[in-house]
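One structure is given below, encoded as C-alpha cells.
Order as written gives the chain letters A, B, C, D and E; numbering starts at 1 within each chain.
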Amino acid sequence: ELTFPSLSYRTGPYAANGIPFADGYADYFTLLNERDGGIGGEKINLIECETGYNTEKGVECYEATKGSGALLYQPLSTGITYQLIPKATADGIPVHSMGYGRTSAKNGKVFSHIFNYPVNYWDGASVGIKHLLDLNDGDLSGKKVALVYHNSAYGKEPIRTLEELAKKHGYELTLLAVDHPGQEQKSQWLQIRRERPDYVLMWGWGVMNQVAIQEAVNIRFPMENFIGIWWSGSENDVKPAGAGADGYKALAFHNVGSDFPIFDDLKTHVVDKGLAAGAGDQLGTVLYNRGLYAAMLAAEAAKTAQEIHDTSNITAAMMRDGMESLEITEEKMATLGMPNFGPEFTVTCENHGGDGLGAVTQWDANAEKWTLITDFVQSDQDVLQPLIEEDSAAYAAENDIEERCN
Amino acid sequence: MLDAGETAQETLLEVNNIEVIYNHVILVLKGVSLKVPKGGITALLGGNGAGKTTTLKAVSNLLHSERGEVTKGSISYRGERVQDLTPNDLVQKGVIQVMEGRHCFEHLTVEENLLTGAYTRQDGKGAIDADLNMVYDYFPRLKERRRSQAGYTSGGEQQMIALGRALMSRPETILLDEPSMGLAPQLVEQIFGIVKSLNEEEGYTFLLAEQNTNVALRFAHYGYILESGRVVMDGVASDLRENPDVKEFYLGMSDEGRKSFRDVRSYRRRKRWLS
Amino acid sequence: MPEQLLWGMEVFMNGLMAGVLYALVALGFVLIFKASGIFNFSQGVMALFAALTLVGIMEGRVPFSHLINAVFGTSVHHFGWNVPAFAAILLTMVVMVALAWMVNRFIFRHLVGQEPIILFMATIGLAYFLEGFGDIMWGSDIKKLDVGLPQGINGFIDEITFNLLGYGFFIDNLDLWATFIAVLLVIALVMFAQYSKHGRAMRAVADDHQAALSVGINLNFIWVMVWSLAGFVALVAGIMWGTKSGVQFSLSLIALKALPVLMLGGFTSIPGAIVGGLIIGVGEKLFEFIVGPMVGGATENWFAYVLALIFLVFRPQGLFGEKIIERV
Amino acid sequence: MMDQETYVTADGRTIGGVLMEMRNISLRFGGVKAITDISFDIREGEIRAIIGPNGAGKSSMLNVISGFYIPQEGEVWYKGAVRPQMRPFEVARQGIARTFQNIALFEGMSVLDNVMTGRLNHMTMGLLSQAIWKGKAEQEEIENREVAEKIIDFLEIQHIRKTPVSRLPYGLKKRVELARALAAQPSLLLLDEPMAGMNVEEKEDMSRFILDVNDEFGTTIALIEHDMGVVMDLSDRVVVMDYGKKIGDGSPDEVRNNQAVIDAYLGVAHD
Amino acid sequence: MFYREAGDFKTSYPEDGQTFPIKLDRFGFFAVLFIGFAVIPFVINDYWVNSVFLPFLIYAIAAIGLNILVGYCGQVSLGTGGFMAVGAYACYKFMTGLDIWIGGVQYALPPINIFLSVILAGLVTAFVGVLFGLPSLRIKGFYLAVATLAAQFFLVWLFNKWAWAYNYSASGQISAPERSIFGMNVTGANADPWVAYLFCLVFLAGLAFMARNLTRGSMGRKWMAIRDMDIAAEIIGVDPLKAKLSAFAVSSFFIGISGALFFSVYLGAVEVGEVFGINKSFLVLFMVIIGGLGSIFGAFAGAAFLVLLPVFLKNTLVGGLGWPTDLAAHLEFMIVGGLIITFLVLEPHGLAQLWRIIKEKLRLWPFPH
C-alpha cells in the first residue's frame, strides 16, 4: 500500500481554489486504483487532511499523517512548505511544491528532499517577460511593466527576477503592492490608469484576483496586456468579471480543458461509479487539472522509485530517489492519456526544479474557457540560475548544510 | 383608599412561599409570602441584604438577567400565575417596578427617559403629554433639566427621573424600591405625598421596599418585615409602629423618645424576635 | 492645472466613493451597537451570508446540497429555475429576519445584562457559526452576483471632466449607486432612531438592559427588529461588495475595513458612519497616493486605523459618537 | 486668613486649625452652574457636613475637593497652601480619601481586595519584586493586610471578607466603601451620602463608625447627608447649599434656625 | 461532600494568601506539576508535542499575557497577533545575530543563546506594547479595542516590508536555525520533542508563577481597580498612566515570549501575515474569554479547550466518522462557534467560573439548600 497524504484546503478564504485541486489530486489516484489496481500493483491510500490554508493546521496534518508511511507531501501553501522544508528533510520524507514554495529549493545540492519541478515563480516571471518580448518582436526597451502583487512572501517572489530582467531588457518596472485580502484596489488601479503601463503582471491570490480583474475591466485596461501568474488564472478569478474579462491571460505549466483521453477514463472509472472526490463538478477546470497533474507526477515518481529499488512497496526514502530520477517525456504522457499535458523535463540530483518551461493561457469569456496560446517555453536560465545559487547558498550557510551530488 | 387596618380587600398580588437562588448556589429568599391588596400601600421593610430588592425583582421578573431564579413557590397577579411572563408582559398587565439605584438611561435626555416610560401605552400622544406635564409638576427640577442627558444629573434628580418614568406608564401597581434614597427631606415627604395621592385618587396599588421605616409606616397600610430572606413579622402599619422592637430597631426610638446618633454606643444588638 | 493635482483630485473623489462602501458595512455595526450596546463582530459574516443566500436563491441552488449528497449519496445541485433579482432580495430579507429571530432566541435573550465584552464574544461565536453554516448551506465556490447594478467607469463624468480639465476622472458606476443607496439608508435610519418610539426604546436598551426591561420595553422585539435591520443593511453591503468581487468567503473580511470608519465616526452615530467612511476613504487613498510610493505601498489597511486613532486621541468617542459619560 | 486657633468641643475633641479651605469656587458645565462662588473651610479634626436640596452642587463640591472636577474659578487651599492643579490620584496621595454617592466599588473584586486598594498608596514595591513575591513584596503585603484587616474588624465586615462585592446588598456596599476609604488612613475623609438606603439601626452603626474614626484616628471628615437627624447629631459645623450657592454656614443649631435654610431645604423646622 | 474545605484553617496571612489555600487543590497542583515535568516528557512523541502540547503551552503563555491586559486591567486588545510577531522577529534577530547600522557602519552582535533570545524578545515586545498602549489613556472600551487593530495591521505590514527584520531573505520568511541549550537541540528540525516541550514548559511555569504573583499583589489590584471603574480608581490614588502602561508592558512581555516560542520552537518558519494575522488576535482573545476573564487558571483552560477541540473534532469527524474533510471543517466552525455561544450563555464568566460553581455545588452535594 502506498500512502499519499493530501493536505487540502476545502475551507477558508481560498477554498474555491483548494477544492478543484484536491479533487483532481484525489481523482487521479482513485483512477489508478480503480483502473490499474494502484501503482505497480500496490493500492494507493490517499489521506486527505484539511489545512484551511493555515500553517498551524498544516503542521498538525503533517504530524498526524507522517507516521502512516507517507511517501510525499504536497503542502499547497507557501507557509506550510517553509515549515516542512527542514522538518520533512529531517524525517526523510520528500516534499513536492509544484509552482509555489521556496524557489531556490530547485537546487538539489542544498535541498535534498524538496522538489519544485516543473517550474517556480522565478520561471514564471521570466516566461511572462518572454511572452511580452514575443509580442514586441524581442524588444521591451522603453516599455512600462507594472507588477500588482499580494503583499506577502508569495507576492514578493518575482520582484527580484523582474528587476534583473528589467536591467537586461530595458523595460521600466512599477511595483504595486496590495494588502491582504485585497478587496479594495482603487489606489493601485487608479495609478495604473494614470501611468498607463503597457503591461500589467499580477501575483495575486484569492479575492485579490477577482477584484483586480474587475478593476482592470472598470478602467478599461486592455485585458490581453494583463497577465497573471498561474495562481491568478483559474475560472474562479475571471468569472465574476463576466464578459469584461475576455482576453485576460495567465501563465500555466500544464494544459487546460478536458480534451484528453484520460478524462474518458476518469468518467468511466471514477465519476460514473460515484467515486469522484468532492462534488465531482470540477473536471477540466484549471485547478482540477493542476491537481491531476500533480498526482500524475507523484505516481510517475513512485513508479520510477519502484523500478530503481525493484520493489513495489516503496518507502519515503525510495520515493525521494524516484523523484530525483524522474523523467517526463511526451511518450510517457501520451501513454497516460495526457498528451502534451505538461512540459517535458528531467529531474537530477542537482536540479530539483525541472527545466523551467511555462506557457501562456488566455480566457475566452464567451466560451467560458481557457486556451493555451503558446508552447511551453523555457525561462531565462542565465538570469535565474545565479539567483538560485545565491539564495540556496545563503540557506546552506545558515543551516550548516553540506552540498550533495558531488 | 384603604383605611389602615382594613384587610378584606381583593388581593391583587400574591407571593407564595418563594425561594430565590442566585448564580445557582446562593440562596437568598427562604420562603417569602406576602399579599398585596388592591388599592393598598404595602411596605416591605428590613435591613440591608434582607432580600427586599430580590423580592421585588422576583415579582417583576427581573431576576433572570441577574442570574437569579425563583426555585420554589409561586407568584400570582389577579390570581393568575405570572412567574413565566416577561417583564414586558407584566408591564402590560399594569405592574411596573422602579429599580433601586436609579438606573436611568444615561445617554437619553431627561425627557426621553420619561417618555420611555410610556413605551407600552397605546392611548395616544395627547394623554402622554398630559402625564409628562403631570410629572413635571411633581418635579419642577426635572423640567429645568429636561434637555440634559440623564447621565449628568445629580443623584436625587436621577431618582426623580426613575420615579417619573414609572408614573408615565400609567400602571395599576407600582413596585417601588427605596424611593426615598438620596432625596432631600422635603422631597421625601413630597414623594410619599405623591404616592398617597396616587393611591387615594387614582387607586394605584403600591408595594414599596423602604429603609426609611419611619416614613414608610406612616404612609403604608400594611407592612412586612424581612430578615435574612424570611418574613419575620407582618401586620397593619399602625400596629407595627407601636411594636417595641420595630420602634427600637427601625424607628430609632427608645422608651425615652428619639436617641441622638451620638449617643449610640454599641454597634450590634440582637433582635428580640430572633432570639 | 498641474497633473499631480488633477490626479490627487481623482484619488480624492475615489476615496469618497470607497468610503461610502465602507460606511455601508459600518452602518450595520452602528445599528446594533446603538440598540443593545453589542459590538457585533459578525456584521461582516452577515453580509457574506446575505449575499450567499441571495445568489443561492437567484440561481436556484439547492441549499445544503453538499451535505445532502454526502449523506445520501445523491447528486442534487440546482432546482433548475432562476429567481428574478427583486424577488430573491425579498426572500433573502425573510431569511435575514429569521436569522435575527434565531440570534435573539438562542443567544442574546440569555445574555441580557451581561458585560459588553461578553456580548462581543458571543457575536464572534456567531460569526464562526455563520461562516461554517453559510459554507455548508451554499458551498464555498466563488459566485458571481449580478442584480443589474452597472459597473465600470462612468462615461459621463469621464467626458465632462475631460472637456473641462483635460483629464477624464474615473468614477465607478457601482460606487455612484452605492452612494445613492447609502444616503437613502442613512436618512431613513436617522429618522427612525432619533424620532420614533422604537428608536428611543432602542437607545434606552443600549444604556441599561435591566432598566429597559423594568419599564416594559420588549427586549426581544427590539432586538429582533434591530438585527433584522442590520440584516437588511448587511444585505445591501453584501450586494455592493459581492458585485465588486464575487460572493465568497473573503467578503466577510470587509468588516475589517468598516471598523476604522466606525471608530472615527463614533459607534453610536448613523451619520457618523458616513462621515467617518468619507474621511477614512479619502485619507487612506491620499496617503497611499502620496506617501505609499515612498514606503512600498499597501499602507491602506493600517493607515485607516492609524488615522482613526489620531482622531480618537482628540475625541475619544469618535466624531459624532455619544460622549462617554464619566461621573462618580 | 489662616486661623490656626484650636478649641475643644463639648464632648472633648480637639478641633485644630484650618485644614482645607475653598475660596470662591465656581464650577459650570456648559450652561449649568453647579457651583457659584462658594467659600468655606474645614478645620482639622472636625466633622463638617454639607447639606442642600437635590442638585444643589454638593457632590460636585466633593469632586472639586478630590480633584475630579476642575473649577473655572477659585482656589483650593490645603494644609496652608494653595493647591496647584493636579490629577485626582495626586490629590489622593496627599491624604484625601472619599466615598461616592453612587457606590463606586470595584465590583469584580472581593471585599478584602477592595479594602486593600485603599492601601495602594502605602505600598511601594516594584514590578519585579512583586513578580518574584517571596521576600520583600510578601512582607509588604502582609503588613498592609494587617492594617486592612483591622479596619475590616472595626467595621464588622469580617464575615464577607472574601465575598465578591457584586453580590453584596446596597447597605453593606456602603460600608465596604467606607472601609476602603479608611484603609488609606487619610487626613481628610469625604463621605457622600454614606447613609442613603439604610434603616435607623444601620444608620446608628454607621454614625458610630464615623464618630469613632473621627475620635480614634483624629480624621477630619466632610460629609454630605440628607438625613437631618444624622447631620445635626454628628456634625460640628454645617454648610448649606442651594442652586450652587451657599445659603448658610454654621453650627447645627444656627443652621437649623436659619430661615433661608428652612425655606430652601428643610421645609419644616427640624427638631 | 467530595470536595472538602472545611477544617482547613489558616492562621497566618501568608497562608491565607497562598495560591491554593485548600489542601486538596494544592495536592492536585503538585500532581499536575509532577506529571508535566517528570512524566509527560518520557511518553510523548512528535505528534503529541507538535499538534497538542507545544501549541497548548505557547498559547497558554499568550493567554495569560492577554488576560493580564483584558481580564485584569480591562483594556481589550486585538493586537495580540502583531505583538506575537514582534516577539518572533525580535527572537529571530537575536538568535541570528542582531545587526545594527549606526552612522553607516554595521555592528553585528554574535547570535545569542536561544533562552536569552526569547527573554530579550519578550522585553522588546514589552517596549512596543507600551508604545501602542499609550492611546489607552484617552481611548476606552471598544474604541480602544479597535484602535489596537492599528498595531495589528501596522506591525504585520512593517515586518512584511522591512527587509532588515527578515535578514533580507528572498522570500521574506524567517526560519529558525538550529539552536541548542545544554547541548540539546531546542529549535530546528532535529529538536527532540521532549526537549522542545520542556523548554516551553519551563517558560510557561515561570511566567504563570509571575503572573499569579503580580495579580495577587498591589499591582494586580491597581489593574483590577482600573478595570472595574477607572475613575474611582484614579480618585482613590491609582495613577492610570502607570497602571495601564504597566499592564501593557507585562502583557506584551508574555505575548512577545509566546510569539518567540511560537516561531522558534513550534513552527520553525513564519510568514508574518499568515501566522500572526488578525485571526491570531481573536483566537487568543477567545481563549481568555472562554477560560474566564481575570483568572490564570482560566487562561490554561481556555488554551487547552481551543487547542484540543479542533484536533478532537477533526479526529472524530474525519478519522472516526469518515466525513469529507471540508464538511467536517465547516462543521468544526459551526461547532466551535456554537460552543463558544453555549459556554457564554451557560456561564458568561468562563470555564474558571464554571469550575468555581461546580465546586460550590459539590460542597452542597448531595443535599441541596
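The rule we apply is simple: a residue touches a chain if its C-beta (ideal position, glycine included) is under 8 Å from a C-beta of that chain, and two chains touch if they have at least 3 such contacts.
Bear in mind that the values here come from a model prediction, so they are computed numbers and not experimental data.
Number of steps on the shortest path from chain B to chain E, with steps defined by chain touch: 1.
Listed by label, the chains that touch chain B and also chain C are D, E. Between the contact lists of chain C and chain E, the overlap consists of A, B, D.
Among the other chains, D has the CA centre that is most remote from the centre of chain C. For chain E, the chain with the farthest CA centroid is B.
Taking the mean of the C-alpha atoms as each chain's centre, chain D and chain E sit 42 Å apart.
One simple way to say how far apart two chains are is to compare their mean CA positions; for chain A and chain B this gives 75 Å. Chain E has its Cα centroid 37 Å from the Cα centroid of chain A.
Look at where the CA atoms of chain C average out and do the same for chain D: the two points lie 49 Å apart.
In chain B, the residues that touch at least two other chains are 23, 152. Residues of chain C in contact with two or more other chains: 66, 135, 140, 296, 298-299, 301, 327-328.
The residues of chain A that reach two or more other chains are 10-12, 15, 19, 151, 179-180, listed in rising order.
A list of each chain pair in contact follows: A-C, A-E, B-C, B-D, B-E, C-D, C-E, D-E. Every residue of chain C that touches chain B in the complex is listed here, in rising order: 112-113, 197, 200-201, 203-204, 206-221, 268, 322-323, 325, 327.
Those residues of chain B lying in contact with chain D across their complex are 22-23, 26, 45-50, 53, 100-102, 141, 145, 148, 152-157, 159-160, 178, 181-189, 211-214, 249-252, 258-262, 264-265, 267-268.
Residues 8, 10-12, 15, 19, 48-50, 52, 54-57, 59-60, 63-64, 66-67, 78-79, 82-83, 85-87, 89-91, 102-104, 151-153, 156-157, 160, 179-180, 278, 387, 391, 394, 398-400 of chain A touch chain E in their complex.
Note for the complex: chain D touches chain B at residues 11, 29, 32, 52-56, 59, 101-102, 156, 167-172, 193, 196-205, 207-209, 211, 226-230, 233-234, 265-268, 270-271.
Of all residues in chain E, those touching chain D in their complex are 13-14, 17, 210, 213-214, 217-219, 221-222, 224-225, 227-229, 231-240, 246, 250, 294.
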